[in-house]
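Common to both upcoming complexes is chain A, partnered first by chain B, then by chain C.
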Partner chain A sequence: MSQTVFAPWENPEEKPLIEFRNVTKRFGSFTAIDDLSLDIYAREFFALLGPSGCGKTTMMRMLAGFENATEGQILLSGQNIGPIPPNRRAVNMMFQSYALFPHLSVWENIAFGLKRESKDKEAISARVEEMLRLTRLTKFAKRKPHQISGGQRQRVALARSLAKAPKLLLLDEPLGALDRKLREETQFELMDIQEKTGTTFVIVTHDQEEAMTVASRVAVMDEGKLIQVATPDVIYEAPNSVYVADFIGDVNLIEGRGTTEGERIRLDWAEGQPPIWATPRGPVDTDRALTFAIRPEKVSIAKDKPEDRRNLLEGEVIDIAYLGNISTYHVKIAGGQIIKAQTANTRRLANRDITWEDRVWLSFTETSGVLLEH
Partner chain B sequence: MRRFSWFNATSLTLGFAFLYLPMVILVIYSFNASKLVTVWAGFSTRWYVELFQDQEFLDAAWVTVRVAVFSSTIATVLGTMAASVLVRAGRFRGRTLFSGMIYAPLVMPEVITGLSLLLLFIGIGLDRGIFTIVLAHTTFSMCYVSVVVSSRLATFDRSLEEAALDLGCSPFQAFRLVTLPIIAPAVISGWLLAFTLSLDDLVIASFTTGPSATTLPIKIFSAVRLGVSPQINALSTIMIAIVAVGVITASLITKRAAVTQARDEQAAVRATG
Partner chain C sequence: MRRLVLIAVPYIWLLALFLVPFIIVLKISLSDIALAIPPYTPTLDLSGGWSAIRDFFGALDFENFVFLTTDDLYWRAYLSSLRIAAISTLITLAIGYPIAYAMARSAPEWRPTLLMLVILPFWTSFLIRVYSWMGILSSEGVLNQFLIGIGLIDTPLQILSTNIAVYIGIVYTYLPFMILPIYATLEKMDESLLEAAEDLGCSRLSAFWLVTIPLSKGGIIAGCFLVFIPAIGEFVIPSLLGGSDTLMIGKVLWEEFFSNRDWPVASAVAIVLLLILIVPIVLFQRNEQKAREAEG
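Here is the complex of A and B:
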């Protein structure tokens, strides 16, 4: 593989496109964004992820120019954009509600921004046609927004916001209104368009799957702060906190006290139970309260005790969630905690040998989970 | 379950008779051939013909139309501006006071409005005439416009305006190119309402008019004091027709616009797959 990986954030020479410098935003006494610093690089597909009220939409609205930072600065290509009104920013936004102009046709909606630039008619028309082709809307150019489907409206909104070739495109929950299947298709379409146009995308979403699918980097936010900013795989495999581990995907959390023993950490999590062994990512203080986080798919389940695994937990099957391609077993271990184990259903349902109330063994390797400090 | 009942039918008939019987009689007698208002002598349109040959009435009508057009246009501009500020500006200090003050003239006795305007015009030495009536009518009809427009703006999706700003519009362009076309039906019905209000106002007009400007309602009122002539009936019938058309059109526009806007916006906002 000679392909260079796209990772401008690892290159210290690279200048970021957007810089948040100690930005704080307060609405009255409520702090929406709390002393936040963040760099986003050109051509990134950057996702702001968090529960509602975490400040992600506020960040986007500050980039678009609808809100101003109370403290700190936001730079776009090195220029402070604070005093620049939204209509003079090289930033466009795709609204959650799409905000298509109901009195204008699809064509006129897409041309709307271009007409404000006093370009000549042919240039506008050529650009609109290009956008219609890109979003496969050529057939619907003459229709009004209420005469097309939700998926098509979403594409009109995208075409309209891309038409001016902004340096930065903001997407506010762009797929929230679409049903699941259409959403998945559209995610790939978005990535495709992002790649074709080379525009920097910042997407706001509360859907972690969506963020993981489309983004080059994900910022997990909570209460106006960035909790972790990393690539989707790092966020998933090596969350830096219980919050991130819990927010992204399904996770088993086991609390205990950790002790360093050579290369490894021994986690004593319950009286009279064998400890859990894990490899730390960095140096860890001895005898600290730690949480061991492990994803359900990294936990194997078996009826017979596997002899070759270091980490073993015994328990009883409480519940089985059959999802077609995978099954999740809810296993009650010592102390009453439920651990989830996921297996791919490679065999037919009838051939499955584990059922309710079975005594089972859960096992996992030393490197499959992470230790998180409190 | 809805069933016909004599009680309901009677109530309805009595109610509507109470409201419309006087007007129906007026309309019928406007087609009376006899010169005596109370004696029916067959159908005729002669009073309409005479009316249109009476220069004084025609002059008064022309004054009224001009006053109505100018005052309702100014009232629409001011009322729309007031409505957008009140709906959009969010909660600023004294917002309740401002909105209360905009709506207060709606319930203010016309005599008081008229009198205070008269005192103002005398105070600043403004010669009374068409111009002062226009000002006076603008004053009270802009409240109605702002009520109509602000109820439309309250349901207006704010992100449409933000989208326009985002795409490079100045705030004024955003209003002109996006907001105004969408709320146009409400603005038009506000204008029609203001127009009809101005058309039939007697009290405020008589306070603020001068010798040079006699509006139709003033003309009719003074003519009636010398005895009801069939001509007046004809004129009143025409005015009833104009006002009815205006009010019905305004309410139809509002209703139809509300239905289509709701559909369009819902459709544009909600994705249905």
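Here is the complex of A and C:
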């Protein structure tokens, strides 16, 4: 059995599970979602990522049925869900606050949705037990929500929203209330459960690391628009805009003027400084202002001038951020700009030779950065 | 030591304002009626020494309590009070819950104003407000004149001096005590719970029954007791708004004290009333404690 890459969005034959068709949502004079079109496919783990107020929660609430689109249509399996109330949609939501019913036990919380659609006690009980096992909550079935920990409450909320086997599960900042370590564990648990159940997950988050970890595709949003929709690696390595490059991870941005020279582009960024050479992935309009974006971990730092690199910047170390596994050097180059360079701390701290106020050379290859138009 | 003083303060308060009067009333209820000042016997005379005290206790008996069982006026008054209090409580709940619900669902900037409006009647004397109901409900009152004026009725309705007027008075007076605790529980409720219920397949109505009502249970119980307990012993409202056939124990108590000047029987009536009230008060306390535990 060969492992095929899961990428239904690249297959033009594939029917999307959810289609946003030119959806606009206004609250009074405020436009939360601005003429947005988006396809999400079955079995995807899709992340909506953006700062607060970017419209990601509104998108989710429209999918759940708590808000209606002002213009445009939202289709679920080809059917317009606009007129369908939330209680009739094959969509369930896991709330940011978990919204567990405080007067019901864990068991009853999970059974709540099942009891609404079926009277068959044995079937309900079997399904609840299955959900309890899936989320490892069997021991806590009789407890009330206030008698269990935050991580357990999160799992109850997940079990409750999965119990009705929805076509689509919406997760609103599902891990926001957990501490870092638990959050990381839970991310993998979520992915595991998503794979086991084969449910389509749409997750809303402002945590880019979370989105990158769990999602098959990430949509970066800003002010009601989609800026880029792509797999996490494309979002990270080939952002389509300064906004995305800056929002996801750490990045150095150098503004300059580009000119095409053969296959390469020459970026003049400061007078009297050697230009930056870059090989773009696709066609780039030159003879205009461009921004060169490069991730700190792709910038090498050395005390001696490397001879084999074309892109070289000289500067002075003004700050070192020690993060344990990696260190980020803040280097001030000519013109006063700060460039960040990151190295893995493979040697013990005492053995490293670069320190504050050292003159250093920064270097990077021609393909390691991207050129972004404004 | 400081803790002891702190704990002692409420107990001394309770001793002075509840226990001492209670013991006095209890003692009177065990005494016999007499044409004297005060109008009962025996009275304790400490100067008489040990034997006088023994005589004093020997003269006390449960005669008055036995008397309460022989005349059916008393148990009928107790039952009637319970019934009027229970019906008033239900009416107050039926009116108070929607008001509390609307207040809790209103825009947050309106809530303090609405709360103020609920409490506003307390700024006027209770007696004046009950008197003004007489003006509204009497045959020549505002209500009858209005109804005749719009042609709905020809002859004035007899509302004043009936049990209906008593219900109106009790419901009107105790409505804030129902609204406030229910409002407090509804206001705390996380609205995403209702969305979650809808998301899981509830209609708006079933979400209300399955989530809102159970979560406001504490407030409903507290409100019901706050209305029910004082309504049982209510005296002013039945005597001002009720008629001669309105039988409430508060009125009976008053008549025993001031018309019959039979303090011992009146005291016995009061003691039995207190015993009846203990049951709902204990239940109320237990409800409050449960609510506190659920929060903590």
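Everything that follows uses one rule, which is that the second predicted complex is superposed on the first by the 371 of 374 C-alpha atoms of A that agree within 3 Å, B and C clash if a C-alpha of one lies under 4 Å from a C-alpha of the other, contacts with A are read in each partner's own complex, and residues count from 1 in each chain.
By definition in this document, contacts are C-beta pairs under 8 Å (C-beta built on N, C-alpha and C of every residue); 3 or more make two chains touch, one makes a residue touch a chain.
Remember, it's a predicted structure, so these values are computed and weren't measured experimentally.
K.L.:
Answer with clash or fit: chain B and chain C placed together on chain A by superposition.
P.N.:
Result for chain B and chain C: clash.
K.L.:
Decide which partner touches more residues of chain A, taking chain B and chain C as the two options.
P.N.:
Looking at chain B versus chain C, the one contacting more residues of chain A is B.
K.L.:
Of the two partner chains, chain B (first) and chain C (second), which one does A:Pro145 touch, if any: first, second, both, or neither?
P.N.:
first
K.L.:
Just checking: does A:Pro232 make contact with chain B only, chain C only, both, or neither of them? Give me first, second, both or neither.
P.N.:
In the superposition, A:Pro232 touches no partner, neither chain B nor chain C.
K.L.:
Looking at the overlay, does A:Leu182 come into contact with chain B only (first), chain C only (second), both, or neither?
P.N.:
first
K.L.:
Identify the partner contact of A:Gly55: answer first if only chain B is touched, second if only chain C is, both if each is, neither if none is.
P.N.:
Touch status of A:Gly55: no partner.
K.L.:
Of the two partner chains, chain B (first) and chain C (second), which one does A:Gln154 touch, if any: first, second, both, or neither?
P.N.:
Touch status of A:Gln154: first partner only.
K.L.:
Is A:Lys164 touching anything from chain B or chain C once the two structures are fitted on A? First, second, both or neither.
P.N.:
It touches chain B and chain C both.
K.L.:
Report, in rising order, the residues of chain A that make contact with chain B in one complex and with chain C in the other.
P.N.:
Overlap of chain B and chain C footprints on chain A: residues 64-66, 85-87, 91-93, 95-97, 99-103, 112-113, 116-117, 146, 160-161, 164.
K.L.:
Which residues, counting only chain A, touch chain C once they are in their complex?
P.N.:
64-66, 85-87, 91-93, 95-97, 99-103, 112-113, 116-117, 146, 160-161, 164
K.L.:
Provide the residue numbers of chain C that touch chain A in the complex, in ascending order.
P.N.:
Within the complex, chain C contacts chain A at residues 190, 192-193, 195-203, 206, 210-211, 214-215, 217, 294.
K.L.:
Sort out for me which residues of chain B touch chain A in the complex.
P.N.:
157, 159-160, 162-170, 173, 177-178, 181-182, 261, 263-265, 267-273
K.L.:
Using the touch definition up top, name the residues of chain A that touch chain B in the complex.
P.N.:
Contact set of chain A toward chain B: 64-66, 85-88, 91-93, 95-103, 112-113, 116-117, 144-146, 149-151, 153-154, 160-161, 164, 177-179, 182.
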